[in-house]
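Structures for review follow.
One chain, subunit A, links the two complexes that follow: it is found with subunit B in the first and with subunit C in the second.
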Partner chain A sequence: MTELLIETHSLTKTYGGVEAVRSLNLEVPEGSICGFLGKNGSGKSTTIKMLLGMTWPSAGNGMVLGQSIRDARASVEVRRRIGFVSEDKRLYHYMTVEQMIRFTSSFFPKWRVDLEQQLLRQFQLPVKRKTGHLSKGMRTKLALLLALCREAELLILDEPTEGLDPVATEEILQLLTKMAAGGTSIFFSSHQIAEVEQIADRVAIINDGSLIVQESLDHLKERYRRIQLLFDRDVPQKWLKIPGIEASHADGRAMSVLASSNIDEIVRIAASLEPVSIEVTGVNLKEIFLECVRES
Partner chain B sequence: MFFKPNASSPAPIYLQLMEQVRHAVEVGALKPGDQLPGIRHLAETLVINPNTVAKAYRELEHEGIIDVLHGSGAFVRSTNPGRRVQAAVPLVTGLVEKLKSRGLSDQEIRRLFESALMRQVEPARIR
Partner chain C sequence: MRTRELKMLCYKSWLETRWGFALALMVVLVFSLGSVLRFPDAARAGLRDMQVHNHPNAALRGVRTYTQVEIFEKLAILWAILSVMLGTGGLLRERRLGTASFLLSLPTSRMRLLGVRCAVSVFEASGLALAAYAMVPLAFPLVHQSYSWGLALRYALILAVSGISFAVFGILISVVLEGGAWPAIIGASTAFLSLVLGEIVTSFSRYAPFPVLSGESYFRCGVVPWAGMSVSLVAATLMLTFALLIVKWRDF
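Right, the complex of A and B next:
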């Protein structure tokens, strides 16, 4: 059994009577890159803030690197062992890039100067500029540099590619895979399904504060199928209630079914209705995501 | 040696990598004894998860296409199923020619092959 680096139990956050995060049971195993997906306002950032000890849970608990997030002192200690990028890419606006790097590195004995120099060149960060005058993309890059150079066991990143162009995004993804190959585990939120699909081996999907999917990306893609049927008459109505069917749309003589399990049985029943054509195809993460957040 | 997989495809990336290796072996681009890139190196080059590369190599070993020797890397196995596939090429070519002589288009032939396969193999899993 792999160790869990992040583990939450019924983690809940209420803001003024509204449940932003509802009874979350999140698991991030050691050695994985876990992508955290959800619409705007679905509870991603609130979850991450609770994991980082920046927001106190209303109910439930969570462990990060074996330490409770309800233990304020342990939480400070844990933050020294993780690299994080928060939603606001928090920086001291009055410091220059150079000062910000020196200030941060002073807290981390294992600070990687080699990586710092490499990233400064790669990101082309203006070292003398005040961080308050950086563009959004530059702020993200600096926040990432500060997170990556401390040689952390775990990275918790809230939208690490926010505001970056496709070239910079690919650079960041490459860096993250490199860190993962070196043994760092990564939990990152994103709006970009394609980048989650590219580097994550696990996916967690949150919708309206509730976790609706949490599993290996390969399993997810192997589980879901779209079944498309064509009839030489109007689509028969009778077989819609079969376990495993997540959604179905009929349009005249064509019918499209999205199923998450029980595929063999669904295809068998579909075939017994004598369609003139059955096509079973795979589904990508975007389609699964859209269907999940629509249905729940 | 490897092409960048299409992450947004419905096929999991590890299956795409396996397919690339199988294909390279079948057409002779990879020969028995050839070494595959290291897991770390390949993950960084293709910008994909190292666990995904490791999984593809594990499955390829399971299928008997490569040998993974700990510490020294992954190698194409000396007796691999590539020849079996090579031997079937004339059969398929002959059939395709016959279908074309009956006036079927490439598209129609492709669909026929696909639907015939669909009927034979259980459709739920790729493996």
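Right, the complex of A and C next:
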């Protein structure tokens, strides 16, 4: 059985009566790359902050690397085994890149100097420049370097490619894939669904503080199908109450149905309505995400 | 490993506060030097006043009295305000600047972060006191007078120890109040009020920290204000404990 590196049970965070995260039951297995998706303000960053001991849960509990997130002392040791990139990539503006690396590495006994040198070259980071004078992209690259060189068992990355150009984004995604192949587990949030689809093997979708989807990406994409129907008359509406249909959209004589299960039965019933054509296609993560968020 | 972490945290705290410290150092040094250089003028003015009021001013009563009344007492107020201001900063400020998430993701406890911040602040405040008071015996020969190095050092130590609560007060106020310069302004104003209140309101004078800070009992009868210094240390410990509790349970 695969060990869970992140596991939360009814994790809830309330700010002044508003539930930012509600009864979250999140699971991130060892060795996985888990993409954490959600709209702005859906509770992604609050969840990550609770996992790292920056914010205290209002209710529920969670375990990260086998330690309770409510135990402040254990959280310190857990953080030694975690690489983290925050949503806010600002670093100490009065420190140079070199000072920032020296400062961070002092906390991590397994700091990888070889990777640090490789990334400094790859990212072309100016070591003598103050971080306050770096561009947003450069700051993101430095934040990533500071997280990746920790030789962490688990990487928690909040919008890791924010502010990066497509070339740098691709480099980072490749690097993350390589690290995952080396045994590092990755839990990352992103607004870039294509990035999640490119590297993640597992997806968790959060909306308004609640987890609405959590499963392997392959299984998710296998489960969901789009069924396109074309009629020679107006689209009939009554058959839409079949279990498995997540969403449907009619446009004149054409109809598009997104189904998450019971595909064969839906196609059989659709065929009985005698459409001119029926086409069943796979769907991408973006479509699934948009429908899930809309439906919830 | 822990020593290296501590060293780097101290280094970070120093980098954060060094310009504030340099500015504070300049202010107290200029004040000390300026006050010493004003001594001949003060003595001459004292002679003129003596003819009119028949009452000698501090300068006319000698270097030791002038130093106590015109330099050390005023320096004590200035130092206390600057110490509070130097103590402000820390995690709430980092949250405002967007670096708190990075700092809190490091494997170190909030207690240690606050402890290091406090230690650096107390160290800087002590350095400020020593430098300001050392300027007095250093500068008096410029006006053909002298002041004992030993005395200056003793007064500096009394100030640094009895004023430790002011540095810690700066720490406490910055874990309670958030936002720009407000913690420093409110902290400095509170420190100033606490010092001058005893001079204005007579009933408050026996509890006022000012005579302890300025070493008044040592000046008058050679008695080190052990009780006042102990009270300051206890107050500093209580404020630090309170600050630690607030930081421990705060969300960032």
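By our rule, the second predicted complex is superposed on the first by the 295 of 296 C-alpha atoms of A that agree within 3 Å, B and C clash if a C-alpha of one lies under 4 Å from a C-alpha of the other, contacts with A are read in each partner's own complex, and residues count from 1 in each chain.
FYI, contacts are C-beta pairs under 8 Å (C-beta built on N, C-alpha and C of every residue); 3 or more make two chains touch, one makes a residue touch a chain.
What you see is a predicted model; the values in this text were computed from it and never measured.
Shared-chain residue A:54: touches subunit C; no touch with subunit B.
Contact with subunit B, but none with subunit C, is seen for A:170 once the two complexes are overlaid on the shared chain. Judged by the touch definition given at the top, the superposed model places A:90 against subunit C, while subunit B stays out of reach.
Of the two partner chains placed by the overlay, only subunit C lies in contact with A:72; subunit B stays clear of it. Touch criterion not met for A:215: it reaches neither subunit B nor subunit C. Here subunit B touches subunit A in the complex through residues 7-14, 39-40, 43-44, 47-52, 55, 115, 118, 122-127, going by the rule given at the top. Against subunit A, in their complex, subunit C makes its touches with residues 1, 4-5, 7-8, 11-12, 15-16, 97-102, 104-110, 248-249, 251-252. Residue ranges of subunit A in contact with subunit B, taken from their complex: 31-33, 170, 173-174, 177-178, 180-181, 193-194, 197-201, 217-218, 221-222, 225, 263-264, 267, 277-286.
Interface residues of subunit A, counted against subunit C in their complex, comprise 49, 52-56, 72-73, 76-80, 82, 84, 86-88, 90-95, 99, 102-104, 106-109, 143, 146.
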